[in-house]
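Following this line, the structures themselves.
You will see chain A twice below: alongside chain B first, and alongside chain C after that.
This part shows the complex of A and B:
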């Protein structure tokens, strides 16, 4: 279908609005992180930085615990992501392919995990973790992140598994592949976009998780970025430059993640398999 | 290599019986084609032999071994799917080597067997490619290659050519026939295309509604069908059926007539006891058994003429509303709307009773 000129203009205008809406805050944060403090708080805001400095980054990395927060956040997010995928994939496959009593009911039941506000489960989880000696460990955050990401990930992966033609699986069965091999060697590569989606979802959810990180972690050295950041915002004053530099650095791992797994977001992965 | 036998095999989905008791024995090296209309259960039966569907009742043996409940991989079968079912993320060589890898063969041996199969199927230049970089015919050859590397006892083909265009289908049909001659393995082939069935099979199994209608060599089914279903299914274009009445009978023949369609008394051979006079029946005449001259003829009005060059198909309607298809080598003399006589060879006509069984 060919677009007329007014249609094209409207389309591009709409796109421009969306780009501005999403991009502007990013631009504001990143450009602000290299401005001198007086420009950041100047009465007339500047869209294009009039000054340039790396002093905020210097201060952030040298005189705060930000590097430790960054490492903690990376560890927590990476382990949460890896374990979520490792658990969601076989679970989704079992729900998808294996026949066992109560399968349908159990499958619906796992979504009940999202029925409660997180605050409600916070206290019992705290009590549970206290008993197991998990308070103030990064492992406790990994467990919580997995628990919250898993139900959605299972649902998502199951629908991706359902999109793989049945014939491919049956061909593998006839070829003598056991279920574990079918899942890892045949199905997993074919649902790479689904695995990538789950990875991004889990990573970002873990990266930005605040509530549990603020309650379960006690010592400063084990804090993650969202909680550690809150400490930068002082009671009486806010170092805006520091905050903006921290926010800029905090987005970098996510950007890298997208660049890394983005290539799996390709359609037509099963092209050539059937038909 | 091995033969195969099905004994009282049934398949139920819930309360619906889709295979209603099949007994069949297939000799070593035979090329058997399951043919029938959609939903007749031919694919289900094949999948039961493959072990992809459970058997509700009965017994399946391959090479004298009971495999009714065996794993697909332990049955000594290989299957070629309608949709090829290649592993899209693996190269052609990896696709073909996969079953051998699963069998635990060492890599050099796998490579050697894949190379051998690739040679048979002319796939050598494509071994490093991914399935998406191949044409439909090449993909189907890879699927066949994946089957032959294992040297299975029985090859199963589930409508393997129905995704290919007409020209390629003819080509692949010849290749499969050549492959059978070369490998001499037992092959079971499912199709709804009776031309594929006729050209490939050493024996055809005609199925309808989960039941075997007739089993026999292609020409046996063509020349000696047991019932109207088989008579209509085998042969293209399909056989003409015209209602008739038995007017007299003798030893091994019946004289039938249908005055309203211009058919005067004509004698037709019957296989068993001749029918009693006055019986209503159906006369079956193949389009290719019409020829000018002779007394046996129908009177019909020409409605459509298809001139294919060498052959011409004339579609006519009879006065009792039944349709007639007539094959002719002479394209001339069939004017639309004209009523004319279509003479046929009564020695090649079949008589069926009211239930469709051959008399």
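This part shows the complex of A and C:
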């Protein structure tokens, strides 16, 4: 159906509003990071930079531990994502297909993990990790991130598994494929959008996690971006240029993840699966 | 007991002499000076100390104020807390409450005799018959302005609230705001509102028996004046913290603000003339004769039960307050951290810092203002544990929001504030 001119105009106007709403804060942060301090703090904002400097990025990368925070965040987020997917996929498949006592109750019970505010479990987890010598390790953050991302990831994966036609799985069973093969060779490629969704959810949750990262990590060298960056910025005196440069660099890995994972996983995944 | 004291004294002597007959005492210091330049300056000082004292080795682990209230109790409960911990008065009550704190009476007495503490800096740490921390640096709120702006408007530096209001009204022209006062439910607003309260005779929020003494005519007067002046502030000031107020001043958009210091931002972001930067005591109520202010004395607590570590920590703290070292400690944030000792206020190591030298007259005024500092909940010589919750829940700022945001009268808002504080104190 061909759109009329008013319809097209309304559509593009709507799109422009959405792009502005989403893009303006990013533009504000990124353009601000290359302005001179006087222009940044001016009460009359400039949408297009009237000055240009890379001094904030130089200061951030040369005078602070931001590069170390960036590496730590990447390691923690990547490991959390990989392990969450590795655990969520077989668990969701087990809940979806296998029969065992208490399956339905257990499936509902796993979401109880979200019933408690995270701060409530902070002190017990600290004590537990201290006993196992995990305080001030990146592994502690990976464990916590997995623990909090896993229940929702299982639920999400199970929903995607339920959307795969039963015929495909039955064809594999007829061919004698064991459950492991069915899961990894047949189901996993078909629910790749689900895996991508879980990956993005876990990566961003790990990337932005503050509470546990601030308490479980003690030394500066192991801090992740949210905590380390908060320290760089300071409390009473804020270096706005440094803040904007750090915020710009901190968003890049997430933008890359969206661009890369989104295209890699989602394009034409189920095409030709069922004839 | 006597034998134990002798043993500790002997160990302290050995450590002081820098001897290394045994394994060195390793100490962990948690501080909340997390910006990189402060960590670097602290490391320089620690390297120097560790080199001069092979028997005591101190390492730093920077934390942040945002997390330490949860992190420190968890760390002490798990048995891996620090040996020394930076503090402010209400945080000290929290750490004392979990029995992780060691009194420093003798050391405080020695340091008082040697360097002379500014009374306002040590008083918030002296209660229940002990001294609970050694003051390290002071921060006090002052009124900041630009000389050129006042001169152009033909006004003198305001000393009283009515003069301040007249000045702010005159400075509110050409898209600029005569004053920048926050009204956020946040610590900065607690601090600026209390700066008004101490200048109207409403400094005490507790009675001697621990009941709340917030609702009184002087408090209402302070809130009413604050709310009137706040109307001359930028509309976004209801969400301000320290940084936004500083930016407003540095960009010459706010004529006057209350702040601990604006020197660093003025120097690095405003790129303006140092001689144009003005600082003065916070104006007082018209019926008062002198100005006072809010001051935060940051201090260092001893949080180890190990006697050898305690002795080592005392050596370090005594070394840090020596004038030749102390100035370099203070100038980790030049123009913000002020001396807590009388000889620290004269130390060459403090006044020779390039930024302090450049803004000498302003820093001198800040030091003078800090002498009149008070802190809510720590003014009567008695400390009540509920001050931690009153401060943490920003009840003082919340009371202001009832006037500025909800439109209540000052009297009603203060009455509600009294009820809220009493409710917290009763728990």
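Quick note on the criterion: the second predicted complex is superposed on the first by the 254 of 275 C-alpha atoms of A that agree within 3 Å, B and C clash if a C-alpha of one lies under 4 Å from a C-alpha of the other, contacts with A are read in each partner's own complex, and residues count from 1 in each chain.
Quick note on the criterion: a contact is a pair of C-beta atoms (placed from the backbone, for glycine too) under 8 Å apart; a residue touches a chain by one contact, two chains touch by 3 or more.
Values in this document were obtained by computation on a predicted structure and should not be read as measured data.
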{"item": "Touched partner set for A:165, first chain B, second chain C, both or neither", "value": "first"}
{"item": "Comparing the two partners chain B and chain C, which touches a greater set of residues in chain A", "value": "C"}
{"item": "Touching partner for A:177 - first (chain B), second (chain C), both, neither", "value": "first"}
{"item": "Contacts of A:240 with chain B and chain C, given as first, second, both or neither", "value": "second"}
{"item": "Contacts of A:186 with chain B and chain C, given as first, second, both or neither", "value": "first"}
{"item": "Residues of chain B defined as touching chain A within the complex", "value": "50-52, 72-73, 77-79, 81-89, 98-99, 102-103, 130-134, 136, 139, 146, 163"}
{"item": "Complex contact set, residues of chain C against chain A", "value": "34-37, 39, 61-67, 70-71, 73-75, 77-80, 139, 234, 242-243, 246-248, 250-251, 253, 260-261, 264-265, 268-271, 333, 336"}
{"item": "Parts of chain A lying in touch with chain C, wherever the complex brings them together", "value": "37-38, 40-43, 63-65, 119, 122-123, 126-127, 130-131, 135, 214-215, 218-220, 227, 230-241"}
{"item": "List of chain A residues in touch with chain B within their complex", "value": "165, 167-168, 170-177, 181, 186, 189-190, 268-275"}
